[in-house]
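As written, the chain order gives the labels A, B, C and D, with residue 1 at the start of each chain.
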Amino acid sequence: MNQTLSVIPNEPAITPELIAQHGLTPEEYERIVKLLDRTPSFTELGIFSAMWNEHCSYKSSKVHLRTLPTEAPWVIQGPGENAGVIDIGDGLAVVFKMESHNHPSYIEPYQGAATGVGGILRDVFTMGARPIACLNALSFGDPKHPKTRALVAGVVAGIGGYGNSFGVPTVGGEVRFDRRYDGNCLVNAMAVGLAETDKIFYAKATGIGMPIVYLGSKTGRDGIHGATMASAEFGADAEEKRPTVQVGDPFSEKLLLEACLEIMAKGCVIAIQDMGAAGLTCSAVEMGAKGDLGVTLDLDKVPCRETGMSAYEMMLSESQERMLMVLKPDKEKEAEAIFRKWGLDFAVVGETTPSKRFVVRHGGAVVADLPIKELGDEAPVYRRPFTERGKQAEIDPASVKAPVGIAEVLEALIGSPNLCSKRWVWEQYDHVILGNTVQRPGGDAAVIRINDGPKALALTADVTPRYCEADPFEGGKQAVAEAYRNLSAVGAKPLALTDNLNFGNPERPDIMGQFVGCVRGIGAAARALDFPVVSGNVSLYNETNGRAILPTPTIGGVGLIDEFTRSMTMAFKSEGEAILVIGGTRGWLGQSLYLRELCGREDGAPPPVDLAVERRHGDFVRSLIRDGLITAAHDVSDGGLLVALVEMAIASGIGAVLEAPSEVPAHAFWFGEDQARYLVTARNVEPIMERAKAAGVPVTPLGATGGALVSISGERPLRVADLKQRFEAWLPAYMVGSH
Amino acid sequence: MKSAVVVFPGINRERDMARALRLASGREPAMVWHADTALPAGTDLVVIPGGFSYGDYLRCGAIAARAPIMDAVRGFAAKGGLVLAICNGFQIACEAGLLPGVLMRNAQLRFICRDVYLRVERSDTPFTRGYNAGQVIRVPVAHGEGNYIADGETIARLESEGRVLFRYSSPDGMIDPNWNHNGAMNGIAGIINERGNVLGMMPHPENHVEASMGRTDGRGLFAGLLDHFKVAA
Amino acid sequence: MKARVTVTLKPGILDPQGKAIEGALRSLGVGGVTSVRQGKVFEIEIEGADRAGAEAALKSAAEKLLANTVIENYRIELGGQ
Amino acid sequence: MKARVTVTLKPGILDPQGKAIEGALRSLGVGGVTSVRQGKVFEIEIEGADRAGAEAALKSAAEKLLANTVIENYRIELGGQ
């Protein structure tokens, strides 16, 4: 195939600088030349750079991701499609995925976060699912860093701005602050949709000579690879051609959703793929490669927003709210009418071919002619060297006692940036639209009724990055275990998870070691808990000036509740009920918030996660909920027992009288972060104790609910109302600049 | 009760509304497309639901208010037909001249979704006969621009003619700025037109209609409307 | 032909955004600003070179859609080719 | 002193609002409009009569707050007293 393509005037010559600007190494470029048996054209170089970059090719992470467990009898589609799909019975499937939009959100917080939400929603409805909920996991820098406040304001407004307008409830997530995110905030968005099991749509094209249709909004110069475009090669009109920030248009996306679902219902669609990162390139190549078919695109047919766009620009544009679809030829007119009704662009831009080549024409010339399978399959795969961090020393609780009493510690923690209420955030999200929100944000997991019931989904997003850094393997396990626990605490059977792996530069062995360790931990936990990974996303190179973010493998968990009216909440229900802690307490202070916020130390081994125990305790709590033996449940995580207990008190306005522990030092007992624990309340303790004994689950009475105070014998009692005030105050006060 | 729900591009609470109407009346409402020029024959109640018609671009409700179907809605209202306009619907009704005033951005400039308390000011209208005057109900709001304003003369007229049907209040019915989340003048959450047949309100009673979901304070509005048509029949 | 329609709030109408910006400018240490009112500007391309026709179209656009004349004023400026 | 800061989207940045308005004008029968882009205008009162000082303050206001310079351009006009 030693042909040359027509020479396009004014295209830059392929120089080593240009190759480097495309993020390709000299070796990778050699590989391209060998594959083609000639020099690539400028457009082809752009296509390769898009297909072979970390984001599309997963070249640093692939070998490790393959180790994750992805199967279970209820998994319909694991990783590899736009989103994962699981069967929830009654002919229904849940489609979900989480994805990051970190860098764009740091550059332009509102639009970056908004388009992140838009992208993940598209992944879900591309598969034929109507989105029913969103979650978001956000990591920001030190509250005192001058950029943090504006990032929080912009990101939260952007997530709300998109989801609210699109019409999906945003029901859960997390918000953390840590100076390690100073130069790199993380915005991880998750979307969950509902489809019929026999009407799931995939990216794989079938049939030769089938029309490939472009749908949605027009193409502009949005988000084209910055480094490339900044090159001087473009000459005098560089200013005009500057790549631009992607702007979200939730209105168009809502129309796109309705139009797509309508033509899917009418049986017009053979294959469908949304245009996400590297837009037209990735979507067209994937459709063809998955179906062992070639694809020919005619760029003169692509609806453009701007004049004079080059083939290179069109192939790499990341304009939002666009789709590519292979249509049944006899349904073309019908499909077009539907799209016109919704006021969207519709254009046949190509067709499938038997050649297995990816051919792109523009202005009468062939600007790219590439082997379609190799574009994806031959992408480099790296086994990057990694070094694993040694185990940290365990911390003796007696050696790290803060100079203040239990009451003061509690007051400090409950009003601290990481433990305080995130109401200021989630009140900007419409969390009640669609009328199915059984449990709103603020609990352990959100609960969303499915259609008119009786089933419901429980949804959560979790990770504890400081554990992941101290011990990647334990941290990876803990993230999965915490998601499992949050789902169990509302009475849901955990079914499957999506992961969003945010790390620094994988070319650094220590960072790669974090990645490898976390993935191993996630895999181990997912396997032990029967909680497979069905979709995910990797975001690497999150670092500034050589300083990486904390390793942050966010876990999005989905669980199923058979009868939504019986989902469990964490608020105390009435006075005089027994409070029990399920799970053992050694008083583990390594990497705890107590250590960090009160002692100014960030060291020690994080709490180990015993997966067999996690599973046993989860099963136990779910059985108590199912059999109506408990009145409230809450998992114990960051901040430990007393923080969890106070959250239950605040949620209800009811206080508690607690007994001081005898075996473990008080500060370690109340604030240690031992895993696999839940707090529950019950009117009748006997049957629970009996079951616990039989199941081998440690259950310890802690006290009773009642009154307006949280009091521990020997400590200063605290008013629930005052604790609530502290809990609620920090974030709103921070956002108006008062601290 | 035969109801018709008007659907503009970008409207997104039409399903919530359809469910509330169905649960109240046992009947599926007709969904009417913005480009249509007529309402289904025999329509008793027209509903303009919540959402982001046309993305709320330009001004909330501005573009929808000029859609073809709105002439039919205006005609229907002019003949005394009942129109229920909620959230974006309220904004559209104001822009369409069916109701006076404007909904500006919330005073704190943020979108707010939370349960609020409303004092029902009158029970002698088709929209509020399912409640008692002075009753306080709890329903959600979800909007960025619900801050009702009008000129002094209009406000005075609304008040003197008893056209404010719902007001943001404390749980025990006090009108208090601390319980007015969007800064609306006089705590106005919902008003009717002069003739009393068009109601615009920001909160979402349609999201609180099922006991199994925890709250039913929105039911009174739909039950009242049903009652109104039963009595009329 | 290029044109511009500027839409501003009528005097006396409360402008919460403008107020918030005033406050924010103060806390950013931008001195001397005593009042801010926010409006909209529409940059419009209109076909043909008939100024009178264009002006009529723009007036109708402003009246029918771009401005809510209950609370807003508008101003039309016609540019050159 | 009166001033005006006009903030407009940079060329090439998607303007969903402008696009929706274009469509609406077309269906309202307002003829000839081929493109609409929406921006913001801030009408500002600034103390003192020192034009240079005012100009500096406005520039800082625009950079820090009024415009999002990642996606927007701004223009400052100083009026008379």
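Convention: a residue touches a chain if its C-beta (ideal position, glycine included) is under 8 Å from a C-beta of that chain, and two chains touch if they have at least 3 such contacts.
Keep in mind that this is a model prediction, so the values were computed, not measured.
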Between subunit B and subunit C, centroid-to-centroid distance (C-alpha), Å: 30
Euclidean distance of C-alpha centroids - subunit A vs subunit D, Å: 36
Where subunit A touches two or more other chains, by residue: 249, 251-252, 343
In subunit C, residues with contacts to at least two other chains: 64-66
For subunit B, residues that touch 2 or more chains besides their own: 54-55, 57-58, 63, 66
Chain contact topology (line, ring, star, complete or other): other
Chain-chain contacts as defined at top: A-B, A-D, B-C, B-D, C-D
Residue numbers on subunit D that touch subunit C, as the complex places them: 6, 8, 18, 21, 24-25, 28, 30-48, 53-54, 57, 60-61, 64-66
Residue ranges of subunit B touching subunit A (in the complex, touch as defined): 9-10, 12-13, 15-16, 19-20, 51-52, 54-57, 110-114, 140, 142, 144, 204, 206-207, 210, 212-214
Interface residues, subunit A side, partner subunit B - complex: 157, 160-161, 164-167, 249-252, 254-255, 342-343, 426-436, 438, 449, 453, 564-565
Interface residues, subunit C side, partner subunit B - complex: 13-14, 16-17, 20, 64-66, 68, 70-71
Interfacial residue positions of subunit D with respect to subunit B in the complex: 16-17, 20-21, 24, 27-28, 38
